[in-house]
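Multiple structures are listed underneath, in structure tokens.
The same subunit A turns up in both complexes below, where it pairs with subunit B and then with subunit C.
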Partner chain A sequence: MSTLLNGRTTQWQRLLARNSWVLGVWLLLGALIVWYSTLIPVFGQFQIVSISKNSLPLIYLAIGQAIIVIAGGIDLSLGSLLLLGNVLAARFMDEQSLGVVFLVAVGVIVGLALLNGLTGYVISISGVPDIVVTLATSYIWSGLALWILPSPGGGTAPEMRWLFTGSPSGIGGGYGLPILMIVVPSLLVYFVSRHTRTGLSLYAIGSHPVAARLAGLNVRQAKIVSYAIGGAMAGLAGLATVAITGTGDPRFSVGATATLNSVAAIVLGGVALTGGEGSVLGVVATAVTLIMLNPILTAMGIDSNSAQVIQGVLIAGVMMFGGLAILLRERRS
Partner chain B sequence: MSQSPAPTTAKNAKSIGLTFRLLAFLAAHPTLILLGVLAILVLVAGNIRPSYLTVAGLRTTLLQAAPLGILAASQTILMLTGGIDLSVTMIATGAAYVTANQSPNGAAVAILFGILVGLVAGSANGVGVAVFRVNPLIMTLAMSGILLGLFTAWTQTILQGSTQVGGLIKTVSAGAFWDNRIPYSVVVWAVLSLLLIWLLRRMGWGRLLYATGDNEVAVRLAGVRVWQVRISAYALAGVLGALAGILLAGRTGAVDLQLASTFLLPSVAAAVIGGTSIFGGVGGYAGTILGALILSVLNSILTFLNVGQAIQQVVYGLIVLALAWGYAGLTRRG
Partner chain C sequence: MPDAPALLSTTSIAKSYGPVVALRSVDFTVRPGETHALLGANGAGKSTLVKILAGVQSADSGQVFVNGQPVDFPAPLDAMTAGIATVFQDPALIPHLTVSENLRLSSIAPAKFVEWLGWFDLADLDLNALVQELPLDTLRMVDLARAVARDPQVLLLDEITAALTADQAERVFALLAYWKGLGRSAVLITHRLAEVMRVCDRATILRDGRNVALIETASVNERQLVEAMLGAPVKPVAQESRETGNAGQGQNALEARGLTSRHLVQDVSFAVKSGEILGVVALEGQGQERLFELLSGERQPSAGEILVGGKSRHFRSPYDAVRDGVVLVPGDRLLALLPSLPVRENLAVPIFNHIRRWLGIPQDEPQRVAKAIDRLSIDTRAASQVRRLSGGNQQKVVIGRWLVAGFRTLLCFDPTRGIDIQTKREIYALLRELAANGAAILLYTSELAEIPLVCDRVIVIHAGRVVDEQAAATATESSLLTAAHGLEVAV
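And then the complex of A and B:
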């Protein structure tokens, strides 16, 4: 560290120091993939497709959660919004022409962005903490989802399934499209968050809202934008879910699990829950890692219950490691 | 018109002053608002179904409210320190299983083992949060996953067939005395409530909870070992969660892995509606009791209306939001 602070550093060293956590989680993911490929007899197209497409919903949800948390909030309703997007798509895309399917897809993304933007507005005018408002809206959205589709069902067009899974039937297919669907939205949100005025204002209001306001930023507007981006990503996650499973599922527990996983993914990915810190790119790696743990533990011959225990221990362990590192650094200085 | 402005203005000023003083009074005593909301909801419920305003009707709500209130007590204690426990419902479920497993050895032993589950899991949460500084959301979320995995596996092995708690526990959880008027579980809840309120208001430990949530650095500089305060708070929260789980197991008669899961969000909501700040340092258990009662009455109303689960969830969310909003608006003005 000291050499880095004493002037004479190259651009690369600075880049490394700033992004060490992001780099770390990507290296971890790479190591996991290599290890997984040695665990199973055949590692090829099928495994890559299955990992990448199954990670899609969590990746989108975690990116949305990351943006909201970076802007100083937290959204416990993202999982319920995913349900809402999922059932809207499954209900209205079923046996429709391609044009209608496209319109429904756009409608889901824009609609959920508006709905969650409204949540952001309510938070900023009411003075009620984010966690409380989104706890309440999580009931509202999942209730609406249940109202739209009372029991699992519906369907979607083969083109939708092809777009997210690389195969019109959702089975098999090439890995090009699923990976593209990971890369494009991630890079897009990353670019917006790091290289546009709006994106930087999210970091500003997350790290110090008062300072941001005094510097002339519209804090309320930035808050609403962060929630709208979160809503749009939840809509995309809902579309990915209907593409992967081929149906809509309004169960509350599905949404709750998705929300909690998204929070776990962003924290492990280096986004501080206190706001203003972290990057979307690290979050993508941890989301894939969380999804990959299951097949890896299965390949190791560990049953699903023990896998759940190990996953919990790993999450707590990684965070404890991080906490310990901070503690040691404080002691030293 | 221009000749008599003075009395009108004075009258206006007087009425404005009255309104303002009323608002200020309410802001200073927010529990009165909660009592008012509770009374209105009870009357609404009675209006929809007249039989609700009888001993039997109210007893049903109280039976529902007791486990929720005790789970919300866990959240209140932790929220005062700036924490939260997302594993409390899994702790409750785990404790219920262990109690059911130990029931043949007598109620006392069974309850003791159940409480032990809460103590161990809660303390582990506390160590993670206090010593290793893991964010409470993440630590308890991980704990919840660990417990779910462990107990799912154990229900097929060492806890196999442990789905019923003993007769005495059932009586205490679901029964009532004085001509079937007052449920035993409400007595348990009332005793715990008095203890908690006394602990939070009168004991040094309770005040340390508030202080820790308000300004941890100041508390540390005052010579308090903050990690001890936190670990003990999480341990107590775990024990309370275990007690709630045992009551729930006795009330529903059977234990399963989903026993308490629907109570997680309401337990947080009850504490929040009751005026405890999720950022720590502000609140108390009296408000949480009212919050738990309000949510339980609301649940009864929605059940009476028979509108279906979808509308129930939407209305539930809207009312929780409205209550929190109104509460924040009033107390902020004051």
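And then the complex of A and C:
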């Protein structure tokens, strides 16, 4: 009995040790929320809705980026895919029946998954580095987005807005739905990535591609799957964007910023850029953290133009802290 | 040979890597229920054959058969499906995943796997441990248990006992005996002949990319196996004119005293005098890589010391070693070169050390580089990018950069691997000339025939220790190979 208990405690300790980074970034987010609530006169439903719904696009994009980076790649085109999903939805959902809106939503997610899966295929057969291929496709998808919707406009159905924001008009509403839209896709991708053979093969090819191949895995297939998941998440991010803003916006800078933020979120969230390490759960917390910086700075009375400086300092600070923690742990052992 | 139906066989398998021929033509047959050894000296083609049978690489020509049916393995998975499970020298496990996650990836039931682990006394191994947290010997046995749990017809084991202790190796042999009792086959690639005599029924011997002998192990002894690996007594190669006049007359340029690094290098002592070429002979994986890493400052020894010119030196990095005149020509040429840069800049790299921080490049740099190119007769037609040169010319560039920079002790790790015979001769001549001019040279080579041609003395390393020293002039391939297998050399 005692050995069983002992075994269980070490299991718990190990679980903690292995997920300490994820735990750390969630604690950081919690502390940030508590601090934010003391900065402003009222902290209630409105703030929670606002933070959670505005975080949605970056959360989805960062989860997609995390999966691709875990599998040993990196995708600079995710932001452009978000643009593409956004303008496709805004253009083809505008003033349509609910059935059509639903079909367009499914079409955007599946279509972008296929499109980005194709990118993964091209990378794996050409041997051109991921960063180069996806840089190229980022321009292509942005161009396509402009072609579909030359200037901001279009719209979507109230039901779409309600699904992501909790309110048919996108204003006000309850926090239940936005939080559900954070939790459900995150847990789904988390489960697939850690508890299915397909998901584990993503970690495998990112961690040690040679060993993965020798162990009998189909490395190319896993690579394509990782990019397809990234594309699907970018499609979801595009849908969330149209639901939050109510329109389509094809500007290149929106996509480029989103891509960079997704990379920032995964790095902060503990995903190793070298592949094979990290968890999508940490990435969710850091994506929300990055989104929260703006309202916090506003509440502190700091010019929101300084937000980027603060964001940069935060990334450098957190990563240096992480490096220090690892160094100290190695010293001790 | 009795007509037992072949379980796994190959006909006329050939494979080349660019200009380097690894396999010329190999016919290889494994019967059901036998344990078969695949033997050969370094570079005989064993690893390449394993890679082809495991589906890691495809043969250029020839055919693999399983149960008499022609098969084609585009990927390792296809070989596994056909019933061939391979344990490679480096465990094919994913470091960032747990053992059970690795099993899951291979679709192997943990219960079956744990049952096989019991053979290694590892039945209580924590399957939730990350692979990267486990020691190498455990991983090798995990890898083996996984391969067996695939329930293959043939097990391919590449140097399975290399990282194992004697006790662990015993357990592997016990498993192999049981495996054979089940009527299954196994192929053992190993340098340890005692293992072959004990465990294997037959041995196929590869030499120079061909199968040269098929031996029933019951009918021979270890020495006869070595002879079969060497083949007909090697014709004496014409001795290059060599001046042994000043060899062994100089001071100790580089001396190792009790060098130790984990279990890889143990209590290694030797000295190289200026003007002398000391050969190092070892089978693959006997610690020679680590020894050269220690001498070149890449790693620090856990015990023992290195003396340069009689003074004890502590190399924290290759930079320290280079400053003491100890320079390395590494085994992997491309590791040493800057592949996209021209020959001239590659030759000049070490001079950067001499550049006085902010003052420009020394005035005589172009002349020194031109002199080196001339002296090495480097073919400069493709000089704009080193990676476009042939292997031999690349190797000349690696040696040439130290001619430009100046050195006292040259550490050469298998400098003629995969190089054509003409360039080899040039490199031998160059090494002799350098020694005649007072350089001390430590030469590890996997081609035993080079030893009497180039060296003055030779030391033999087995399992991390110096086990023998011979005068190079009288050393033969047979005497070297016997010593390298850890056997006593008959006098």
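Throughout what follows, the second predicted complex is superposed on the first by the 313 of 333 C-alpha atoms of A that agree within 3 Å, B and C clash if a C-alpha of one lies under 4 Å from a C-alpha of the other, contacts with A are read in each partner's own complex, and residues count from 1 in each chain.
Basically, contacts are C-beta pairs under 8 Å (C-beta built on N, C-alpha and C of every residue); 3 or more make two chains touch, one makes a residue touch a chain.
Just so it is clear, the structure is predicted and the values come from calculations on it, not from any experiment.
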First, second, both or neither for A:Leu214, with subunit B first and subunit C second: second
Which of subunit B and subunit C A:Arg329 touches, first, second, both or neither: neither
First, second, both or neither for A:Gln311, with subunit B first and subunit C second: first
Residue contacts with subunit A in the superposition, subunit B compared against subunit C: B
First, second, both or neither for A:Ser201, with subunit B first and subunit C second: second
Partner subunit B, residues of subunit A touching it in the complex: 122, 126-129, 131-133, 135-147, 150, 252-253, 260, 263-264, 267, 273, 303, 305-313, 315-316, 319-320, 322-324, 326-327
Interface residues, subunit C side, partner subunit A - complex: 54, 56, 75-77, 80, 86, 88, 90-97, 101-102, 104-107, 128, 130
Residues of subunit B touching subunit A in the complex: 86, 128, 132-135, 137-139, 141-146, 148-150, 152-153, 261, 265, 268-269, 272, 277-279, 308-318, 320-321, 324-325, 328-329, 332
In the complex with subunit C, residue positions of subunit A that touch it: 11, 14, 18, 197, 200-201, 203-204, 206-208, 210-218, 276-277
